[in-house]
Structures are given as structure tokens and as C-alpha cells.
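Below is a structure I'd like to ask you about.
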Amino acid sequence: MYARIYALLWTVGSFAIVFAIWQTVVWLFAMPQYLLPGPGPVFVSLAKNSAAILSQTWWTAATILAGFILAAAFAIPLAMVIVISPLLERLVYPPMVATQSIPKIALAPLFIVWFGFGVVPKVAVAFLIAFFPIVIDTIVGLRSIDPAMLQLARSMGAPPHRIFRKIRLPYALPAIFGGLKVASSLAVVGALTGEFVGSDKGLGYMLVQASGNLNTALLFATLVVLSALAMAFFYLIEMLERIAIPWHASQRQHPH
Amino acid sequence: MEKLKDFYAYFCAVGLAAVVALCAFPASAADKATLRLDWVNSGYHAIWYYGLDKGIFQKAGIDLEVLEGKGSAVTAQTVGNGSVTFGTADTAAVMGFIAQGMPIKVVSGYLRQSALAIVFPAEKGWKRFADMGDAKIGYSPGGASSQILPALIKQAGLEGKVQLISMEPAAKMTSILTHRVDGIDSFGFLVVSILEGQGFKAATLPYANEGVNIPGLSLIASDNTIKKSPDLVRRMAMAMNESIVAARHDPEGAIDSLMKRSPTLNRPVVLRTLTLSFDLINPDWGKGKPLGWMSPDVMEKSQDILMKYGGIVKKVSVADYFTNDFVSKN
Amino acid sequence: MQDAKSVAGRERTAFIELSGISKTFSARDRKSTLAVDGVDLQIGTSEFVSLLGPSGCGKSTLLSMIAGLIQPTAGEVRIDGKPIMAPYTNAGIVFQSDLLLDWRTVIGNVLIQFEMRGLKTEPHRERARALVRSVGLGDFEQKFPWELSGGMRQRVAICRALIHDPPLLLMDEPFGALDALTRAQLQIDLQTIWQTTRKTVVFVTHSIEEAVFLSDRVIVMTPRPGRIRDTIHINLPRPRGLDVRAHPAFTEVLHCVNHLFQDMGVIRA
């Protein structure tokens, strides 16, 4: 109980130090408001515009979630297919890697024209960016199994599908979650990118509006909310990880 | 158990009544239409929200939904592919697309004076382009003016002297505020008010004074919409112009309507933007003609300029760019 | 059905029969490797046989072929008269690494032997618990592998290999990763298990002492390509305790095997 409070105090403390440094820099260099507002004006802006920012936050959050879930839903089965079938691997892997190098920022404006200003292009960008790490990490996880384990399973008379379901898949879960955690922050970037390029909703739109009107305090306030959102999402995945793989070394308390 | 049955029956009755009531409402007689703006909400967009709040569009039988945009190019493209009914976009950009075959047209002028200008600190006192000397000017490639500007620099005899520095649109204002550049190329009315909001007195060198006066924002619609629903297009153009007149008489009220939709905007700044934009509505060549009327002569000259400076490659008939059929009642 | 051999003299029929076993591994870009060369071997029911040899002598490969996990390039493996063309599922295998599943309890790990075959585990739960108790892990049934020491984990692996009561136990350096004390304890425990259950055991090791302590017969193999150099019968009485190492016969066998290894160049004095 006290350990938790203690940890919380440390977190609060570290943020307080960051704010103190920030304020000092602003004061020291007499920064104009439009260049670097101090923490005070930022939080005033946050409080004043909280209703507007909050309503946009739901849109961005929904976009991130949709893009992420779609990415996971496609990436994990695709990775399984690649691992199981060498033929499909040779067919699918090279084009997948090639398309990864295309910056999605370049594609986003095209999506806007093809799919309109609605939610589809933003989810599409979030999906495309989040997709790759999940595939790669799932493949690594599925392939990292000790070959002796497979031998043992075969000697127990297990058919391949049972070996996959009961042994290979659980073995791969830690790696899959690694990919999911990386993908969670990328989904945020993707949703934001989509919103920058064409949106009338969401935190990305708020950022464009704030910067276009030189309202840097609002810009920073939006960024604060954005990072809180990204953090919350990341920790959500971590929580899911804790439930799904409590047995993994990364989840246990370290012995002294 | 009895109570549950009662509740269930009651629920069904209420539900049925609601359905009947909804069906009883006559289908709205108004036409549904969407309008995609050229950018996110700014001072000059107040006319639309004012028109909505004052029932101008409703009276014209239009159920209008106003949507913020992301640049004239995207707005023009989405009008062209039919995903929105109307759009406001920069006329030069629209002409470029039409020359490439996009099936859209200007149905009413709006800011018929060119808004393009070099914005600079007032104390520099520049009066003409030639006064710039070897200044550093910030501009955005791909923007409405990015092809015309180098040509105008050349025309003023400043080639090799003025330095053009490319930057993101958002960076232009901070660059001039921090004196990293001596001036920026942008929409005068928009930028001057924002800079004033930061306590920065700015002045402008309008392109119009150098002989480039291509009309600015216009109302556009797809060829399809014009063909299928000419009456809607007329009502829309008339309602837009009525909203403009109403907003000129009550700029504070117009800004109230705007602030309702975008409460985070800075009120004095957007009010100033709106009033400055009114200066661009009526050019000299529009005297005696209805609001929104586009001059074939001006459009011809504009095409020549754009062709000269690379905005348009293939010449088309001037009538392809616009129509004046909708700016008056007949 | 009685075959000629058993009718003739009521000999023990060879439970495991290896005839002319060779194995060549071919790699796409490298030259092929002859791992095992012409091995003939017969192992009787309830015999405890060790395959002893230096690293790379093919003893693990041989074990895998008996298990049916690899197919020989030449020759035939028969278990109980039947040729082995696919993994032989009526054996219990213990590898050097315990390969326990971290997400299952001790009991869960033992019962996986049935789950892998698609069988229900409930009917076997009591037996699993008894087995786990018999190796001294009664208090750890519901613990997870990471909560156990190396020696305890290997015991669970052995339980997993025994739960389905297979006639054959195949062990590939099962105690190789353990410390000397745990190793000694497990050797004793294994002996006890074998004496109670009388399973046929094929045990791979590179420890001469371990082989002599546990086995009826020690098969000494040459370095690669692996051939049988010699077979040594261990006549020490059972049960063999820790003090058996002081027994003169033990030392004699030890010297004999050491000599063989020196001869082969495996140990250079």
C-alpha cells in the first residue's frame, strides 16, 4: 500500500521537476508566448478549453483503437500463415517489407481524396503504421521456440495443429505483446498523421487549428492531453499483458 | 412476474408511439447539402455560421452542413469526386484543376480580390515589390502562390537579390515574429490580424498592385451538381451572398456564431480577420454587377498569368472555369 | 505369436533392435556429415543401457532414431518387432533441458503427455499427483516451473515421461545441466524408479561414472562418425549406493573405459 503511494509520489515529483525546469527556461530567456509558453499558460489554456479538447479526444481515441485492433487482427494471423507455410512466406514477405518503407505521411493526402474526410482514412493510416511491428514480432515469437520442445511434442504424438495451439502460440505471446506495445504508440502517430492531413475532428485537428492561429499555449495543452492518451493506451496494453502472460519472466517480481 | 409483464407492455407501447410519431413528422422539405471549407475555421468563415444561425440557408430550403477543410486542393478534389456538394477554394488552384480536366466550376465569386501579399513588419515601409531589395522572404511550396511569386520577383528586377526560403505554412508566422525572415508570402488579411494579436504591426505588398489579381476564394460545385440540381446551386449562391451582406452589417454577431463552433479561437483576432476579408469582396470590375459575379475578362487575364507562370499548362475555354448563371435570380 | 528365437531357448527377445544404422546429415551448402556409421545394437526388455561417448559421437542422434524423431539413412530400427517410421509415442523422453511450460503448473506439465494426444486429463490426475509425490515434490503440485530449482524441474520432466506408463524411457543427458550434488541425488532417484518400474531405459551420457553407476550395459562409442567401440557389462549388485564408487569392480570398469577413450584419442594423457 505504502509502496504504491511512494511510487506515485516519485512520479509526481519527476513531473514537478520537469515543470520547474520548463518554467525556468521560459523565464530565463524571456520566451514570447507564441514560441514557448510556460507551464502556467498551458494549464490555463487546458482548463479554459477543456470541453473542446475533451470532445476531440474521444474521436482520436476511437481512431487509435480502431486502427490498432484492425492491425492486430490482420497482423497476427498473417504472421502465423507466414510461419507455417514457406511458400506463402516467399510470396507475402518481400512485398510486405517493401511497402513498409513507404512513408504513410505521403499516402495520407491520397487517402483523404479517395476515402473522404471521415474516419476511414485516419484509421487506414493508423492501421498501416501499426501493422508491421506486430507481424514481425509475432513471427519472431513463433520461431523462437526451442526445437527440442517440438521434438518432445512430436514424441508425445501431437498433431501439428495441437502443437501450434498449445505450445507454439503461448510461447510466442511475450513477443507478440512486445509488438503490440510498439504498435500502440505507432497507432497514435498514425491517427495523428491522418488527422493532420485531413480532418475536422480529433486532437490532430486541434493542433492544426492552434498552430494556424498561433495559439501555442493551446498547442501545448493539446500535446499534454495527447501524451496522456498515448500513455493510457500503452498502459492498457501492459495491463492486458499482465493478465495474459502472468507466467512470463517480464511479469514476475524480481527476486532479491 | 406480473410487474415485468406490465413493464414490457408499457415499453412496447411507448416504443410504438415513438415510431409512429417519428413517421408522422413530414420528411424535411429542405435539400441536404454539404459545404467543404478551404481550411479549418478562421475569421472569414464566420459568414457561413452566421447564415446558418440566422436561418438564411433554411429559408432558401437548404439543410446545409458546413465542414472544415484542409487546403484548396483537397476541397477541390472532394467536390470533384462528389463526396461533398459545394466547396470554397482558391480560384487559381481551382483553375489549375479545371484545366487538367476536373469536372468542377466556380458558381459564385466570394473574395474576388486576390488576397495574396507579402506581409512584412510595418516599420520597413515597403511600398512596391522592388523596395524589398535583398530581403529574405518565407514561402510555402505548393501553396496558392508558389509559382507566381518567383515570377513576380523577376518582374520587379529582384532576381538574385531576394532570397526565397521555403517553410511549412505554420512556420511562416513564427519566422516573421522572430525576425528570421524579413517578410512572408501569405494571405494578407489572414496573417495581419494574427500578427496584430501578438502585438506585431504588419503591412502588406499585395500581388494585385504588381498586376496579378487573380480572384481568391470562390464557391465551387461539380459539373454534375450544376447539371442535376441547378435550382439548388442558385439558392446556395444567393444564400451565400445574402449571408455575406448580413455579416457585413453585424460582424460581432457573425463572430458570435463562429465562436460557438470553435470556442478556442481568439475573438479579437478573428473579428479583425473577418473585417479585413470584407475588403476583398468587391473589386472595381464588379461595380454594377450582382455580388459574386465573375468577369470573363479577368478570368481570361488570370488564365494568361497562370499559363505564363506554369500554373496551367493547357489553355481551355474561359467559360469552362466559371458560370454567372447562379448569382442572380434569373 | 511366438517367433523362432523365443521358442528356441526362451531368450529375452530384443525389445529394441538396431540393424546397420547409419545417418548422414546433408547441408545445402556444406559437405554432408556422416554422424552414425553402421551401428548394430540389441536392447532387451527392462535393460538399462547407456550410450557413452565424447561430444559429437552421434549418441543423441542414435537416441533420436530410436525415438523415431529422425529416420536413419540406412538400416532399420525395430521396437517390439515393429519397424519405426514415425515418432514412437509409447516412450517417455527426457532431454537435457527440462522443457517445462512456464504457463502450466507442475501437475499441468505432467498431464500434458495426455493432452498432446488429445486425451482427457481428469482420469489421470490422481496418478499424476501420486507420481509427483513419489519424486518428493508433493508440496509443489500447484507451483509453476520458475518457482522450482533445476533439479526439481528435471524431476517433473521425468514424471511427465512416466505418467503414461511407457515401456521405454529415452534419456538424453538428463542431468547434464545440474550441479554435482543434485546430479548424484537424481542418479540415485532414477535407479529407484527403474528398480520399481523395470522399464527399458536407453540413457545417453558423456559421464563415465554416471554410465557405470546406472547401467546394466555401457555402450562405448567412437568419435564421429559414431560406431560402437565396445560393450561393457556392469555386474555390480543393485541397489547401488554412493559407496559403490569405492567398489573395486567399479574402479576397474572406470579404468577400462578410460583406456578405451585414450585409445580412441578422446582423452589425451
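Going by the order they are written in, the chains are A, B and C; count residues from 1 in each one.
Definition applied: contacts are C-beta pairs under 8 Å (C-beta built on N, C-alpha and C of every residue); 3 or more make two chains touch, one makes a residue touch a chain.
The shown structure was predicted, so the numbers you read here are calculated from the model rather than taken from an experiment.
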Inter-chain pair with the most contacting C-beta pairs: A-B
Chain nearest the global centroid, as defined over all protein CA atoms shown: A
Chain whose average C-alpha position is farthest from chain B's own: C
Inter-centroid spacing, chain B versus chain A (mean Cα positions, whole Å): 36
Chain centre separation in whole Å, for chain C relative to chain A (CA means): 49
Separation of mean Cα positions, chain C and chain B [Å, integer]: 83
Residue ranges of chain A touching chain C (in the complex, touch as defined): 146, 148-149, 151-159, 162-163, 166-167, 170, 245, 247-249, 252
Chain B-touching residues of chain A, taken from the complex the two chains share: 32-35, 49, 51-52, 109, 112-113, 116-117, 197-200, 205-206, 208-215, 218
Chain C residues touching chain A - in the complex, by the definition given at the top: 64, 67-69, 87-89, 91, 93, 95, 97, 99, 101-103, 112-113, 115-118, 144, 146
Parts of chain B lying in touch with chain A, wherever the complex brings them together: 36, 39-42, 67-70, 74, 77-78, 81, 83, 169-170, 173-174, 177-178, 194, 197-198, 262-266, 269
